[in-house]
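This report concerns only the one structure given below.
A, B and C label the chains in the order they appear, each numbered from 1.
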Amino acid sequence: MTKLAVANNLFCERDDRILFKDLSLNITQGEIVHIKGPNGAGKTTLLRRLIGLSWVVEGDLSWHESVSESGIRPDGHRFWYLAHRPAVTLMQTPLENLAFAVAMHQADVSEPSLWAALADVGLKGFEDVPAHSLSAGQQRRVALARLYLNLPQIKLWVLDEPFTALDVQAVSQLETTIESFAEQGGTVIMTSHHGLHHTSVRELHIGAAA
Amino acid sequence: MIKLVQHTLQRELTLAYRRRADLLNPLFFFVLVVSLFPMGITTDLDKLTEMSGGVLWVCALLASLLSLDLMFRNDFEDGSLEQMLLSSAPPQVIVLCKIFCHWLVTGVPLTLLSPLLSIMLALPGHALPVLMASLLLGTFSLSLIGSIGAALTVGLRKGGLLLTILIMPVLVPVLIFGTSTVQAIVLGLAWPGYLAFLGAFTAGAFALAPWLTVAALKVSVCD
Amino acid sequence: MWQLFVRWFHKWSSPKWFYEMSKPWSFWLGWAALLITTTAIIWGLGFAPVERLQGNSYRIIFIHVPSAFLSEAIYVTIAIAGAIGLIWRIKLAYYVAKICVPLGMSMAFLALATGAIWGKPTWGHWWVWDMRITSMLILLLLYIGLWALHNAMERPESGDRAAAILALVGVVNIPVIKFSVNLVTTLHQPATLKFTEKAPMHISMLIPLLLSILGFYLAFLALMLVRSRIEILRRERKAKWVQQEIEQLGNR
């Protein structure tokens, strides 16, 4: 299997506290890398370093050339990043939010598949409602709808706490989606306190326990 | 790329429409401050004619500075901004679209409002087209340069006042070129040269500002 | 040759090496600056001849001119250091840029203050909207912006980068600002320009002036080194060698 990313000797220090050091990780295509650790262990920071949004982490990181763009960040149209801030603009409808997310990745998606993706996350009937009138869980779902679009050019998902604010049913649905994405050759890097049980899941523990 | 530009422009303009109350404030501010000048200094129309170009320009500058803080703030808070930096297109394109929309919803309305205020300040009628042209160009470079300041301060909770302190000295040339253009035509001097300086300044800002803004946004977004 | 340069560059970019090397330099530069500046000022104030038109009041140039020169040079230094930091990610360059801000700000302020004091007997006004004065005022405002931005950022690393970008914006703008200020001051007050036209200076005044400029520059270099050393200790306080150094300094 292709090695997507190799990182060596990652070192992170924040506010006079060493979060992790000598951290090495390999990411192989088709696996689910589950980063675990207590609150404040630097999970999000590590994730942001992987996609080039963090400067506090020192160390070498290189992406496979199919992913990397000058070695600093993965080429944008090949991954979804679901952040702590869900990038859901409250003054826009779920449909507009999703369409803009797609446009930023310069993908061609037909209107019906946008509607279908929103229906998949249980937002049927809410497509044209301003996002600020939705509940917190529903707003997270707007962000999650991107994962249901099945864009062929996106082979990597970077998910920061994807299960936050979701109900039990939605959690198990998302779990299935993540697993089937990995089975089709996609790669997932995620942080979560929720356990995943699948053959391709590899857990990576960071933080105080180490 | 064209599709992305279309989409971004459409998004920014609909958002501006939905938040239109925010956009009215700079316009009210413009009208209010301009009308304070005659009350504070003099009601003598001849003296006002002399000052009118400068007063209109200073007030337009302050009014558009007021609206700069909103350029990236909402996107920063809901997380859209980091997605823009991760976009598959150069983020400079998206930033330029945002700057252009900012100008469309602040600079252009300010310019359209200026004839009304120029009457109150007794600006001669023949100077009006030149005033509007200089304001159109000048407010665009205000939006361009202001975006750098807005990007630098977007991560700070109270960035608004700091933004003004950072960006005001850099905007001095815009103010001087703009005011000089208007004063030149009022005094019957040759004005096209000053307008050309303003144009050159705007062109320079157009070339540099998107790159510096993206660099500044990275400082604010990355931790 | 190039490789030698690169190696030299890398050496200098290491805070520890800089800290060790700068100690003797700051010492000797500091003494040289003190000696030269004192000589120049005593010479300028006490022994240089009286100017034909302005009398004794011209003597303020021995402080005014060097501080004005220096304030501009320091801004360019900050911008260059900031660019080095942004491009090669060298922390030391950021430290230097940061500690230069108050130095440059005080020089700009000194230039404005001495200019005002000089302006009163010469022009009859404390303040005239002359091209040089206005440009210096804007330079002071640019410094204030840099300083405020540094202070506002919670994390010093973000402050470094943000200030570097702002310094670049400023340095690109300085020529344009000067040009535009020249435009507006000549448009409104063509008369003031005559005062700033300088008669060719006599050699007996020029030498102490040049000495004074040299002294100010050396003083700036010495102060820059000293302040950089303090900044290194502050920012690299977690490094082992810094902790040992601080312990030693404390025992002394």
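Definition applied: a residue touches a chain if its C-beta (ideal position, glycine included) is under 8 Å from a C-beta of that chain, and two chains touch if they have at least 3 such contacts.
For each chain, UniProt lists the protein as follows: A = Heme exporter protein A; B = Heme exporter protein B; C = Heme exporter protein C.
Predicted, not measured: the structure shown is a model, and the values here were computed from it.
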item: Chain centroid nearest the full-protein CA centroid; value: B
item: Result of counting contacting C-beta pairs for A-C and A-B, higher pair; value: A-B
item: Most remote chain, CA-based centroid, reference being chain C (Heme exporter protein C); value: A
item: Chain centre separation in whole Å, for chain C (Heme exporter protein C) relative to chain B (Heme exporter protein B) (CA means); value: 32
item: Where chain A (Heme exporter protein A) and chain B (Heme exporter protein B) are represented by their mean Cα positions, the distance between them in whole Å; value: 37
item: Inter-centroid spacing, chain C (Heme exporter protein C) versus chain A (Heme exporter protein A) (mean Cα positions, whole Å); value: 48
item: Of all residues in chain A (Heme exporter protein A), the ones touching two or more other chains; value: 55-56
item: Residues of chain B (Heme exporter protein B) engaged with two or more neighbouring chains; value: 223
item: Shared interface positions of chain C (Heme exporter protein C), touching two or more other chains; value: none
item: Residues of chain B (Heme exporter protein B) that touch chain C (Heme exporter protein C) when the two form their complex; value: 145, 148, 152-153, 155-156, 159, 162, 165-170, 172-173, 176-177, 179-180, 183, 194, 197, 201, 204, 208, 212, 215-216, 219-220, 223
item: Touching residues (chain side chain C (Heme exporter protein C), partner chain B (Heme exporter protein B)) in the complex; value: 86, 138, 141-142, 144-145, 148-149, 152-153, 155, 158, 161-162, 165-166, 168-170, 172-173, 176-177, 179-181, 183-184, 187
item: Chain A (Heme exporter protein A) residues touching chain C (Heme exporter protein C) - in the complex, by the definition given at the top; value: 13, 16, 55-56
item: Footprint of chain A (Heme exporter protein A) on chain B (Heme exporter protein B) - complex, ascending; value: 1, 3-4, 7-8, 11, 14-15, 18-19, 74-75, 77-80, 82-89, 94, 221-223
item: Sites on chain C (Heme exporter protein C) touched by chain A (Heme exporter protein A) in the complex; value: 157, 238
